[in-house]
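Here it is, the structure in full.
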Amino acid sequence: MINRFLRVRENSEQICKPLFIEDYSLQASEFVSPPKWHLAHSTWFWEEFLLTKYDINYVLYNEDFYFLFNSYYNNVGKRVLRPSRGLMSRPSVAEVYSYRKFVTEAMVRFLNTNLTEDILAIIEIGINHEEQHQELLVYDIKYILGNQPTFPVYQDSFKTKLEIQAPNFIPIKSGLYKIGHQGNSFCFDNELGIHKVYVGDFEISANLVSNRQFIDFIVADGYKNFNFWHDDGWSWINNNKIESPLYWHKIDNEWWNYTLSGLVKLDLDLPVMHLSFYEAFAYSEWKGCRLPTEFEWEIASDKFQWGQLWEWTNSAYLAYPGFSKVAGALGEYNGKFMVNQMILRGGSVATPEGHSRKTYRNFFTPNMRWQFSGLRLAK
Amino acid sequence: MINRFLRVRENSEQICKPLFIEDYSLQASEFVSPPKWHLAHSTWFWEEFLLTKYDINYVLYNEDFYFLFNSYYNNVGKRVLRPSRGLMSRPSVAEVYSYRKFVTEAMVRFLNTNLTEDILAIIEIGINHEEQHQELLVYDIKYILGNQPTFPVYQDSFKTKLEIQAPNFIPIKSGLYKIGHQGNSFCFDNELGIHKVYVGDFEISANLVSNRQFIDFIVADGYKNFNFWHDDGWSWINNNKIESPLYWHKIDNEWWNYTLSGLVKLDLDLPVMHLSFYEAFAYSEWKGCRLPTEFEWEIASDKFQWGQLWEWTNSAYLAYPGFSKVAGALGEYNGKFMVNQMILRGGSVATPEGHSRKTYRNFFTPNMRWQFSGLRLAK
Amino acid sequence: MINRFLRVRENSEQICKPLFIEDYSLQASEFVSPPKWHLAHSTWFWEEFLLTKYDINYVLYNEDFYFLFNSYYNNVGKRVLRPSRGLMSRPSVAEVYSYRKFVTEAMVRFLNTNLTEDILAIIEIGINHEEQHQELLVYDIKYILGNQPTFPVYQDSFKTKLEIQAPNFIPIKSGLYKIGHQGNSFCFDNELGIHKVYVGDFEISANLVSNRQFIDFIVADGYKNFNFWHDDGWSWINNNKIESPLYWHKIDNEWWNYTLSGLVKLDLDLPVMHLSFYEAFAYSEWKGCRLPTEFEWEIASDKFQWGQLWEWTNSAYLAYPGFSKVAGALGEYNGKFMVNQMILRGGSVATPEGHSRKTYRNFFTPNMRWQFSGLRLAK
Amino acid sequence: MINRFLRVRENSEQICKPLFIEDYSLQASEFVSPPKWHLAHSTWFWEEFLLTKYDINYVLYNEDFYFLFNSYYNNVGKRVLRPSRGLMSRPSVAEVYSYRKFVTEAMVRFLNTNLTEDILAIIEIGINHEEQHQELLVYDIKYILGNQPTFPVYQDSFKTKLEIQAPNFIPIKSGLYKIGHQGNSFCFDNELGIHKVYVGDFEISANLVSNRQFIDFIVADGYKNFNFWHDDGWSWINNNKIESPLYWHKIDNEWWNYTLSGLVKLDLDLPVMHLSFYEAFAYSEWKGCRLPTEFEWEIASDKFQWGQLWEWTNSAYLAYPGFSKVAGALGEYNGKFMVNQMILRGGSVATPEGHSRKTYRNFFTPNMRWQFSGLRLAK
């Protein structure tokens, strides 16, 4: 456990290695957090839910930090409002790293004591929480750098690769299936409530849709024909003048793509990424197919390889039967988002190894696309 | 069919009888349409989908109207943007009635000819379409009058009554149920795709929640405790300073209520109405219960009386398996809204008689509450 | 005095004669008031400042109206916020006319009693106040009708005519001039504080700029060259996509103009109207001239004919030396606007006869152009 | 000249010495620019207006910088929109300093050549331009640090001191005065157009209003009585919930003040600073006095000491008679702002030595108060 804990702490910092000091405090959009904030908030979590509660010798690193790096946990006190996260040049990056060091060391001492099952369960959540912030860090770093006029290079990592293109559609038989996380390994509360779901016959693609395939949609004026779009999606593309996936740039009639390795020519064979739900849905409509439901995806997921990109499903994020929120701040983790969000399944090249599983329920509002999201067809 | 057609046309006008000329052109909020617009748009529908298409002798009443009273049908041409509907004092109310008369008479002549099955199906849609606008007319009239400083009286109609308070919860057995409209009678496209759904054991209340019960939630500071709310709901009540259902006013420490009969003391025994999904959900959380899913509601609906108020369910509005949009403008009717909306089931005192049925899927975004909406608990 | 009072009351109603009932309650923009509101507010003024204060027998027509038709007078109590004026379909138009009748009759009885100088002074203000609302009524009616898709005709009145085109520039000698209203006749408080102003030699045009001349500016890409514009003006034309004066429409490469007589071809010989200060300034820059100051205008005004359109000057609206606000609500009339506004001098075809004079100081924010405003060059 | 140039370049960097790398890229509000941007933009100015135009050997440091650090000069090409200045973490701070060094050295070489009068005049403007950005740097640094939850200390500099409190009002005789910059020394174009202005008898205070005096206004509910405020000012304080000067914090019933030395108890004897025009005007109304005009200020300025804080006048920023814009980008410097701004006269502790003079016309929109602004009464 100590090794796993240390590895997670180390990984968060590795992700920030290629950054300049100047990059750490920037909030490029309301939905993006500065890297510094991720590093500090994932540290605060250990203070808040473990050290201050169960380690009687623990003294806070800094009272201010305890206040500043709280996130959406309404039960823990007055939060720093999200949009102002990007206005904090202080504490400095160096001090945030020193805060991390202080808490990591305190945690190591704490982990060396006798811990109850309950405490071990919270540590498991803390590790998974920090892993989630690692993935968000990658999204946010890409957004921060990718929206600057000079398109700076991060490093040559988190790359997708070609999907094998055959066989195309995998048939699945109708039946009553068991949905939800089984067994004793860790899962989030929203995966629980194992329950039966009846699913009719369907087919699901073995591969993600590629850039080449998505360009066909653009060329066919897919972004200009409302018949493929939800009413809200149509407003969204028109209000935001959206005509291609995020990070695509048409220069001299050729498609270029901002990647973590910089601005490069679009690789047509790679899976299309940075799609909103609206765009994924519109593509599937145009193609005469549809998106799978999250249940179909879970049932079929043993039949294909997944994990390059999170995959939009046509399921809204709702509670499983019997779901109930944990009391207190940890209960805010997932339950309070169960409206206005669509489910994504799978994982991405930015997901920490071992973090996801086939029952994992990721979710975003349908207009979000800075996450590493793609699209698999069903019919 | 002619009689039914004439009755529907007559009913729309009856609803507007108590209005002053001044009331007809007002758009009290972006989501509200002026009564004049409803009268004209439900007339335009007959012109657009029947007379101009199938009656070769038909000459448009007025080219401008054909343009002005189109609604959300992206396939029919450039629309008048919604928010500016309330800036049209012209055409006059008198002229809109004359437009109605002209089209009704043309339709009667048309209905007296030999009509194919296809045409009869569109007429059926037209009747249901106008009925929907009748219900919207009631909502919009209430909103227009209820937001004026003088609280004008409309008339003494569309009133709810006491729900019988026993027995409280009805138990339903788990099993695989058939969902969706069966038989040959009319239904909307979104009710089709009959399919099996597995549902676990559950209980559902025989009665809607009453004003008296809802006041308990307010008194218990339900509007001030985020643990009962979705994150989006919490933002919504705080940004809009919402502390009670719509049309409630606390005057000298007593609850008053704007009704179509004017401003009256709140009747504690009536079902609570004008709730958003967020409020219905928060109430059920506070009560230790939950909202039924739309499937549970449909399965149980034979066991209780319904129809006073539309009932929020915890189901998002999504396509049934096998759903496909009709080609062309009629296909825009329901399909394009299948995101970001929650399902309501049942009907209301403002629903035209015979318009609804147990498979009927009504839907609104979770913040809407000017519609006649209430709440039934499940567990 | 009684006759003058009755004539003013009658004129307000004459202006509304061509309206439909539907037109009276509409608020086409935040800066526009519904005609019904003008009729009621100019009536409320007599109640508030005379009848309730000096006529001990007077009983309010309606307590609600006393609240509803107050305008910007912060000293009189809680106002109806400006933007919601257009959401009041009640009281009805008929009732507003009956309110007018009631107050007019009460005033006639009051005017037949012995009145002090102080009271007569307030009556004079009341008459001038109602005249100002008559002019605003014309602006607002034009805006309400002119922004509807059917371009309804009001009536054939308030028309400008050709300006005599020679001689062009009138030279004025430098010197120390007396500025401000002199004599005992009525004027507004902002015209007082007679004071000396030194003005250098200048020349001022005998004529307003014509539509024909303004088209030259458009053709020369005047709206596209920021060198002619203030920084704020440049933002304003770009944010609002402004490429011509208000009410101009380019149809099939010809300029059409919405007038109170309907949509007609632009008459090139008439003075250009419905300009913002920004546009007037930009034109003068392009022409290598400038706008006169309000002092230059006042000094030169005996040398040319004025009164067709209000004329933008390059003077900001500021207090004259020695200006002081009247105590109480009447003091709010002019003083509180003395920032962020530019001065217009003269009068317009919509100004009631005898209302303006050469020392009259009209003012609007520099982006306003629904008023009847034009432009005279100086150098 | 070389020494003066080098001193100015050095001073800009001295001001940034106390900053952390993290502070340089932050844009705390739309009207604030990141320190990095000031350093780079004041460097770009030398490239744009001198090196690229008159030094044939000069090669741009970096083509991107030439684009990125342009400011409001519409004549020079596409600008980086102001609000996104704070989203540029790249180029790094180190690179901006190296850009400065490169350009400074190129300028030194250039200054050692034979320069025409015209070129020397542009150099003079460049020096004054960089001095203006030094003052803005101080404002922006204070705003960036003063809006962070930890109230970081900058350094103990730019401090005001006590004003001598007697004699209070200085009488000035009426007469015809000459206004505008005289002589051959440098001034901005907006100070030119020497002209005569007639001014009546007036009195002006020898001292700025102090914090102690301003607290009397707050205690007397000055922020809650609209009679002291312009209509726009009243909206501004209500919409922004303003109840004290900027950087004041009431903690446990005592006034604290964020200063460049950190959060300290308010020193009652110092001049009140960080006032908007609206607040300065309201105070003077409450006091039964008024603000001086810019002409009165200029005429009286030899009779009192000034230079601690910029002083709001009751004059709008308008062109002097005969003013004309320089052709090209340099002409955008002052002329395009001559609307919607009020004049401040004097100088502040943040003004570089020798930069201001009695004819200097500073200006801001009436709601701005992050600049070092105070208030002197007249009557």
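Think of it as A, B, C and D in the order they're written, each chain with its own count starting at 1.
The criterion applied here is as follows: contacts are C-beta pairs under 8 Å (C-beta built on N, C-alpha and C of every residue); 3 or more make two chains touch, one makes a residue touch a chain.
These are the chains along with the protein names UniProt gives them: A, B, C, D = Ergothioneine biosynthesis protein EgtB.
As the structure is a prediction and not an experimental result, all values here were calculated from the model.
Name, by label, each chain that touches both members of the pair chain B and chain C.
Both chain B and chain C are touched by no common chain, going by the contact rule given at the top.
Fewest touch steps from chain B to chain D?
2
I'd like to verify one number: the distance from the centre of chain C to the centre of chain D, where each centre is the average of its C-alpha atoms, in whole angstrom.
Taking the mean C-alpha position of each chain, the two centres sit 36 Å apart.
What is the distance in Å between the mean C-alpha positions of chain A and chain D?
Taking the mean C-alpha position of each chain, the two centres sit 45 Å apart.
Provide the C-alpha centroid distance between chain A and chain C, rounded to the nearest whole angstrom.
58
Would you please write down the residue numbers of chain A that are in contact with two or more other chains?
Nothing qualifies.
Spell out the part of chain A that touches chain B in their complex, as residue ranges.
72, 74-75, 176, 195-198, 200, 226-227, 229-234, 277-278, 281, 290, 314-316, 318-319, 321-322, 325, 331, 336-340, 342, 366
Can you check the complex and tell me which residues of chain A touch chain D?
Chain A residues touching chain D: 20-26, 28, 64, 67-68, 80, 86-93, 144-145, 147-150, 152.
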